[in-house]
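Submitted below is the structure of interest, expressed as structure tokens.
In order of appearance the chains are A, B, C and D, and numbering begins at 1 in each one.
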Amino acid sequence: MKLAGKKRIWADYQKEIPQDNYFYVRSCIRQNFFPASEVTFLRILRQELGKDIYEHIHHTTCSGIGYHSDVIPLETTMTVVARQFALMTEAGYENYACSCITSFGLYSEILETWKHFPEVLEKVRRDLKAATGREFEVPKHLAHASDIIYKMRHEIASRARYKLVNRYTGQPLRVVEHIGCHYSKMFPSKGVGGAEYPYVLAGMVEAWGGEVVDYPERRHCCGFGFRQYLVQANRGYSVANTQKKFESMAPFKPDMIITNCPGCPYFLDRWQYVIAEMEGKTYGENGFGIPVFTYEEVAGLVLGYDPWDLGLQVHQTAVEPILDKMGVAYNPEKKYLGKDGQNLGHPETPAYSKVY
Amino acid sequence: MATDGQKKVVVIGGGIAGMEAAAQLARMGYDTTIVEKQARTGGNVANWDHLFPEGRLAGEVVQQLYQKLSPVRIITGSSVKKADMLEGQYILTLADGSVLTTDALVVSTGFRTFDAHRKEEYGYGIYDRVITSADLEGMLNEHQPLFPGRHKGPRRVAFIHCVGSRDEKVGNRYCSKACCAMAVKQASKVKELYPDAEVYCFYMDLRMFDRRYEQMYLDAQAKSGVNFIRGRLSEASEDLQGRLVIKAEDTLMSKPLKMTVDMLVLMVGMEPASGARSVAEMLKIPVGHDGFFNATNELLEANCSGTPGVFLAGTCTGPKTIPETIADARAAATAADAYLRKKS
Amino acid sequence: MFRERFSYDPLVLPFLLGLIFIVTYLALGAIRMIKNLPAEDKIRLGKSFFSKQILLSIREIFNECLLHLRIFKKNPVLGYMHMSIALGWFMMIVLAHVEVKLYAPSRFNLPYYPIFFRYFVRETQETLDGAVFFFLMDFFLLMVLSGVGIAMYKRFNSKATGLRRTTRLKWNDRIALYALWSIFPLRLLAESFTSGISGGSFLTRGFGMVFETFVSNDLHVRPTWWAYSLALGTFFFTLPFSRFMHIPTEMLLILFRNAGIKHRTTGTGIAQTEIYSCSRCGICIDACQMVSAARLENKATVYFIRELREGGRHNAWDMASACLMCRRCVEACPVKIESTLIRSALRQDWKMLRREPLSFLPVNHTGPARVIYFAGCMSHLTPGIEQSMVRIFEKTGTDFTFMDREGGICCGRPMMLAGETRAARELIDRNKKIILHSGADTLVTSCPICYRVFAEEYQLPLKVQHHSQFILQMMEQGKISPEFREGTRVVYHDPCELGRNSGIYEEPRKVIAAMARIEPVAEEREMGLCCGGHVGSISLTHHQRRRIAVQACNILLAPSPDAIVTACPLCKKTLMDATAEVPVVDIAQMVDNPELLRKHPNPVLQ
Amino acid sequence: MAVQFGYSINKSNTIDMDTAPRAMESYLLLHEPSFARCIGCGCCTATCSSGVFTQLNLRQIQLRIRRGETQGLLPEIQKCMLCGKCQMVCPRGVSTRNVVLSIQRALQLLS
């Protein structure tokens, strides 16, 4: 491996990420999967970094899930997206920041389409006007939320309480970075570091003291694949893809996985449980799985936020081994307590997956 | 050297096309000068080890061409920066400020190999054991071991055809013509040097068009034991041992295929030489979308640029094999001769 | 009555021991071979001893084992060589015994006595009464010696005896051969040296007198008789391990054959007898096109059989799988060893994996019609033949149905040739159902490979015809009458399966002769050439096959014909691929469209 | 299994050349060297007499052996009637009949 070669590519794929004043849109499914991640993002930007970041109450789905599941045509999707842009325009923002990778990919696709086919843009403007009476401006910048954390990675590092370092050995933690397919595979130039060797998460890992693991199936999809998961009969295909990744990364003995997509952490996390239950196979140390995090969670951990405030208790693959390795203080007693201190109940103990 | 009344020809580019054209023009009695950007003549061919189909040594072939250049003036390490037409003559200003006048020009700017970095997914420049066909020629030429200090046991090598050719993604729709035969040649060579090695060629189509090439292909299969897999490489990655895991579809099996190899050779295609565009602008030579020069009539006037007195030779008009390049260079010299005779 | 010098001498021991050994060995061997016969064949053999078959056998044994008439027919020099040694030696033995019976009846029961008679007795008035014996013994000794002389010369210069190649011998054969060669010169020496004492005739007496002029004969008597006895002993001891085993075995083989014992699939019984009957004369080497064209000398039948005899099953399998099964070697073989049947048997011996029934093959009925036409797989690669046949059927108003128009089940012969008898049987059963269901009274096929299996294995209650036979029949009935093309000269290529292996030589020739002049070819009819395409071979490479095809073409084209006519789709296609000089036309196409006989108009190809 | 998921993990259909069994390929290359000459043109399959009735595909069988995908080969290869048409049409001169027979032998020896 020649790092210089990667740096050369990273240098080729740099995008302009705005410094401040973001119009933030949430993901549909993250609310359910890892609900604390988006909250953490806002907390970091507003409280740690003092940025102006605005959310609109009337924001809806971008309809990407429908689009990628072949149930909504692109023109409809475009009009829905145009409405989000109208909300941004009405709120006086120009920098559009989204939480969801699929949304990001879809926005990139739509913006690129409009650039090459202005007549489509005009039609969408007419359609939106006719349907809602709204008008919109095309965002000046489109950023994925991970782009913003990437941009702020050194500032975060400067405030870090913990580093991605194994406190027992002093060695950097070995981190697998998994990029959502829709981040840059379609438009390499829209992602930090391009499509083949994306740097957006690798940059965070490096800044926070970790070591990135490059393994053969790095580029492979997490297995979500929309239709492949949505239909129960197809789930064997979904989990097979996840398994392929784990089989490929396991020899590298990674400590953790960091992701920047709503679906990926969910599937990399849950499918480890399913593989363990079906085949009795686990991929981490001591019979545990490999803990999977969103970049917001990792940022929160680095900044010293309480793991339970980061929502790490909803992870199916136990996160405690990595918390211990990093030396993150946590109270096991409080793991399943709600915000108001009420006991939320303890999940059932699985047969094979090892949990705390 | 020039005698009075002797007409002058300048050849831009001293690769094998330029060398052959210059030698022919000098033989016809013209005062001929080669302007070569690099420090030596021979162009890309001088970088090769041996040449298909019969395995002649590239160095010897270039040397044979060079031996015919004694009456030719060779300016190396320089390039034409400016060209002005004055009374039927061209006045060329070179990089060092010197000026040449000439009655005709043969443009033989040739090709450069595709920059394999641009196929990022193949990991050239990132993974240690990914090399290009040009690199392999260099290694063979210098008798470098292909698998230095690696683990024992049989080694595996994969040759990837069409890297930078027939690929809209890098803007090269055309076939580079010589790489299929070159891959088969190199694959056979690797088997000859390392009989235990497993050698694979990943091809899209095998374009073995010459009467000798199919025999090369057959020998590679039947005698050397080279394996052929129809499918284009999708991506390469490194495993824990630093070997390369490559993925492709075996299209004849309709199944994805992966294998771990010790060396990945990217058969880089031909692109117009880096200075070709400026020469084209200077001399008003029409250029195709792919950057290669367009002759006035690709069938019957394949060496005519459309600009009076400017003739095209070799791979500046598109990928060619060596014999085609030599034939083309001679044709360009003949066309220039016809022009100069008519002019006088 | 006569003056006996000795009645015993240790010098008879090598001979005597050898004789005891060989007689025991042969007796046991014969018993083993007979034991190996299947039960019904044993009964057949037993019955044959009490019928006129035994007389036939005796005659054949006399003709072939002594006179070697078949070799004579093939090659008179070789024939003489074999006859002189075999008959000469036989006569010497017989005469010696007669002599002993006449002059020393009391010694007749000593088995060595007749052989060393000349050594034991002294010439007397009484023995001189039998001067004719002296003459005859010398005469036959000379005869044998002339044969041995030819044999020696042949070893060093095979072409002189009409053989391009002679068998490469192994050490065991060489010892036996040199022992055999030395027997008769030694006998001559020994007798010459004793001729002064025991008598002799023109040869021995003559030599004895010459020798006497410069050596002392007496001193040489014992050493030469010792040497003679040793040569005999050596020969007897090495015989079972050498090619000369054919001498006794062939007699057994003749008995077996005349008893009607047929080849079975097991590779034992008669096959084993045949293997031992091979004299390694090497006539088959020249007949084999794998040798002459594809330069695969070691694949020749003589070596294949030797390999089998010496237990090299693996190599033998290799040799068996290469063979095209054209049967030219069988045709050439003086012993008529059915080596292709032995090869077939060996191919079957390679047990294939369990085979699932070929139930996926449908039985697609066709007809009813009077004639059922089976083009054959290979004819689908030469659609011109099929089209021509269809037109001929239509033109002759034949009520026919085309059994495999849309592709059919293979006739089964290729399977059989590969040793897959059971699977072949399945194919046969399916096709048979279709054929019988059609209600036809005649089955016509375009492919001689199919023809042979239809005729030999299907046991169909209807007439099986190759299309050349059908066409001839139509011509004879006046339903088609092709015009004779004045000036057109063609050659006819006998397909192996149609000619040599099915005996159909004349019908195609008659059809062709009605349309063009047939030029004779150097090798035709029984010794017709194989085109090299035969499915009989399993392992022959494309290049080796092509060499055979080119060889066949060269011989066929020697008379500069306008076209090569053949009667087999496989031959046609193979020869076509090997020559561009003249058109290669099937007989059916020729009848349907005589224009095809015109030489290629393309001068480049000529 | 503790939990009933209603699905199971799909097996990969990727050809993994690192683990593919190559014994049969080696056997064929040794015993019928013309096997190496195949260019996958498919003439054999197109002309196949058995192909009229079955899915017998010699081109693919050849490839399967080269990629170690030899499971279930026996019933496939036994669909061949050995008629020899494929051998007649093969542009590369592969002795296809011996390929078929050698595959059967290899299956026997390697089983």
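Criterion: a contact is a pair of C-beta atoms (placed from the backbone, for glycine too) under 8 Å apart; a residue touches a chain by one contact, two chains touch by 3 or more.
Please read these numbers as outputs of a predicted model, since none were measured by experiment.
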Subunit C and subunit A - chains in contact with each: D
Identity of the most central chain, Cα criterion: D
Contact-richer chain pair (by C-beta pairs counted) among B-D and C-D: C-D
Approximate Å spacing (C-alpha centroids) for the pair subunit C, subunit D: 39
Computed distance of Cα centres, subunit C from subunit B, in Å: 63
Centre distance in Å when subunit A and subunit D are each reduced to the mean of their C-alpha atoms: 45
Numbers and ranges of subunit D residues touching at least 2 other chains: 34
Contacts with two or more other chains, residues of subunit B listed in rising order: none
Set of subunit C residues in contact with two or more other chains: none
Inter-chain touch pairs (all): A-B, A-D, B-D, C-D
Subunit A partner contacts - residues on subunit D that touch it in the complex: 1-3, 5-12
Residues of subunit A defined as touching subunit D within the complex: 232-237, 239-240, 243-244, 274-275, 277-279, 350-352
Of subunit D, residues touching subunit C in the complex: 32, 34, 47, 49-50, 52-54, 74-75, 78-79, 81-85, 88-90, 93-95, 97-98, 101, 104-105, 107-108, 111
Residue numbers on subunit B that touch subunit D, as the complex places them: 206, 217-218, 221-222, 225, 227-228, 230, 250, 252-253, 255-260
Subunit A partner contacts - residues on subunit B that touch it in the complex: 117, 120-121, 123-128, 235, 237-240, 242, 245
